[in-house]
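In structure tokens below, several structures.
One chain, subunit A, appears in both complexes that follow, with subunit B as partner in the first and subunit C in the second.
Now for the complex of A and B:
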């Protein structure tokens, strides 16, 4: 469904260069970013208290207050853990499935051709659409929501893994063969490590997709989770709770992405040569 | 020619004896079949056909065997319903409504994303000031904005289109930014050496080199827009593919649900092909590095 080339995924462009100048540059960027964030928060506060006063546009302080209040009630923690566990379980199942199928389809042309039509059909059906069949099949419950997250994860990882396997340098495989490696050794020592960066790219995008999907699933068919918290706040016009939840979603997504960023840098550094 | 016939011809020439070359043996029927099977142009469609036959046949059989006609209708019933919905025009109408929504939001979002991305890529100051926001908002799922947008703008077309603009803008901006950053230094140096001013470097070098990246971002954004529009239509709309699927759930009409899903798959596939073609067409001139997704 979605794709970013590996180079695009490593997003922080600041601080390219070397030595002391890079350090000074990085500090300047950091200071500027902090100033920008503080400025925006102040602007938000002023706009919402002086210019556009409305219950529909809560100020920053009110949002922060709602954040603390919801956290005190224990609602926030419950909803965060509900959403995160859904994302994590669905993502893990989807990753294992996607990597396994991707390696299989990448390595065996017959299997690839056999499943190609389905892959190319299902990966273009948006995950949210499956909430309808899922609720008919599994009812409005945890299984439906997990099904959606697995669905949102599996295809992007599968496609990436497959692309990684089919894109391995022929010469590497030939070299391993010439040194007497057997098929499984080629797979373990050449194919698997060379595919790793592609798998990680797929997982990173899959993680973003699962966040997107889980929010939709919780809004459409949920009784807890951050998506449900946002959507149910609408009924009581609790716009400050909505904004607090949005803040949390942004922060959670950012950190989930950071994990993959670090992992990717590590592995890209080692296996860059082949690409 | 079957591979056997080819190899026998080679041996005859190589041995270079006085004996006349043995008359080429007529390939047997089996060899014909085997040769055809090794030809990708015949082999691939054949496997596709077998695969479709196996899966659709298995589905049809399982649906009848386990009497899941309501929960898991067989392909025949689904196909019948799909054709019926096509003939009475409801799929076309729903698709047109959904596509128009996507298109309106997508165009605005792409334009904003391209401008934002080029700005962020070209100016260090802009990047330092705005990058934190891009990185914050791109992790807030578009659907999380559904509730606030509904409060601000009401349940209307404006709300749904705004959500698609939001879905599009960050994916496009990030890719455009990466495109600017990935322009080869030597190209810029060359243009400078030939006396190009910064403006000319931007228009003649940076912009065309970013085009493949921008298209990649738009391709990603298009996929995500489908997700947003379907969810938005399921939650609050009177027409569109999301609404069509949702009515199927309410009346427990699984064939309609499946028909909607099939229509979504076809639309998603087609729009993705269009972008793939655009990337191939315009990516040739300024190669954009490895795409993991041009499968």
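Now for the complex of A and C:
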């Protein structure tokens, strides 16, 4: 599993340098992104109306129409908020659990050795595999879905946190010790801040994982949410609603990631800068 | 001669039973307020001596004492200045890094800041207090480490090749400034290096270590050249030649052992 590097997926760092040149860079990025997105939409429209006309492949305009129609019915908002709240709750629980266990396993070698086999077993069992057992144990309700989202987020956050703790340079701990730091002071003033970039990277990947998993969970065990919407559109052959929902899903994920990135830059910049 | 302030008595050290001893029956005494240089070929166990005195490692045999009290672990009376810059905390500003030890000791913010301010001025970093370590050059980072050590009342500074990674010009400047700061503050310093010129510029006494393993102090050379010392004069050159003779035998031994 990659993603233990704290500088993962920071392509948007390109425009960080100061002055006029950075401004020009930022404009270039904006223009290119817009061209890319609009180009794809135009291509979609053309292919679906001129090349491959089928009810199985609705055009962009038809999809957008379905989007508006579903939104008017009021169902879309309900499903979006259902999915988002599952992602949020599962992600938060998974983060708290992953960070706590990661700090513990990173700090205490005996605990790390003891739990390592489990960690390396479960992180290779995809969340989807647990849908069936989860529905047997917890029923087809909310508990099942949350269980799956927590499962999907916890391991990557745990692994990153643990990697962060074990990679703290020995001199940092020695320095604090030489200044008379007690164990809890080493933890609070060295371990936690030094691990924070790793934790944030893990959380960012974990959030992506929770978006992926929630849809599967809602498809197979649920009666609302975007996953349910996609799955039920299949039954009624509403391919345009299906595509509209996928579109929304991507957009939600994109913005959730942006929010996370902006928040960590604003509140945690001093922990990311050169570590 | 006064009673020794720091003493190593028959100190042996191994990392584990199977490995050869790094240090074997090492005896060393440092006087209070002196600038002691420990010089030797790489891998001879210089850093181990420093780590033992810092309390990061425990001797396998023998005892180390400061002011008559045995060393059992790290303590705020012995501040370490590390070779690399990893010990600087990237999330803290220069000022906050310098204040770190005082913060741990529970000193109030205002007094902390005043002390850190003075220390930063002393090491020539006035006006850099808001910057973060990654914004500073290698030489400036080592100045921050020195300031961080100076703000504390620690009597002993342990310096592990602190200037090894900075360029030659900066190193010379830092050596001169350290000599000046030492004269102003009169701490007891144990300074590790493999650079003979550095040893002569800084040290009151220069201990030459034997090639490892089973290393110890081979010879102690008193260096009473008047301070401030200059690198160019005849007395410096004579001292250099004398120390080089002592060191080069050990370096040759090391090379022979490594290439055998």
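One rule holds in what follows: the second predicted complex is superposed on the first by the 247 of 275 C-alpha atoms of A that agree within 3 Å, B and C clash if a C-alpha of one lies under 4 Å from a C-alpha of the other, contacts with A are read in each partner's own complex, and residues count from 1 in each chain.
Please note the rule applied: contacts are C-beta pairs under 8 Å (C-beta built on N, C-alpha and C of every residue); 3 or more make two chains touch, one makes a residue touch a chain.
These numbers come from a predicted model, not from an experiment.
Trainee: Looking at A:151 after the superposition, I want to know if it touches subunit B, subunit C, both of them or none. Which is it: first, second, both, neither?
Mentor: neither
Trainee: Identify the partner contact of A:193: answer first if only subunit B is touched, second if only subunit C is, both if each is, neither if none is.
Mentor: second
Trainee: Is A:177 touching the first partner subunit B, the second partner subunit C, both, or neither of them?
Mentor: second
Trainee: Is A:215 touching anything from subunit B or subunit C once the two structures are fitted on A? First, second, both or neither.
Mentor: First partner only, subunit B.
Trainee: Which of the two partners, first being subunit B and second being subunit C, lies in contact with A:128: first, second, both, or neither?
Mentor: After superposition on chain A, A:128 lies in contact with subunit B alone.
Trainee: Once the two structures are fitted together, what part of subunit A is touched by subunit B and by subunit C alike?
Mentor: 275.
Trainee: For the complex, give me every residue of subunit B touching subunit A.
Mentor: 43-44, 47-48, 50-52, 55, 71-72, 121, 124-125, 127-133, 135-148, 150-152, 171, 174-175, 177-178, 181-182, 213, 216-217, 219-220, 223-224, 226-227, 230-231, 234-235, 241-242, 245-246, 248-249, 252, 254, 257-258, 260-261, 264-265, 267-269, 272, 288-293, 295
Trainee: Which of the residues in subunit A come into contact with subunit C in the complex?
Mentor: For subunit A paired with subunit C, touching residues are 169, 171-172, 174-181, 185, 189-190, 193-194, 196, 270-271, 273-275.
Trainee: Please name which positions on subunit A make contact with subunit B in the complex.
Mentor: On the subunit A side, the touching residues are 1-8, 11-14, 28-29, 32-33, 35-37, 40, 56-57, 110, 113-118, 120-122, 124-133, 135-137, 159-160, 162-164, 167, 198, 201-202, 208, 211-213, 215-216, 219-220, 226-227, 230-231, 233-234, 237, 239, 242-243, 245-246, 249-254, 256-257, 275.
Trainee: In the complex formed with subunit A, which residues of subunit C make contact?
Mentor: 54-56, 73-76, 78-80, 82, 84, 86-87, 89-92, 100-101, 103-105, 132-134, 152
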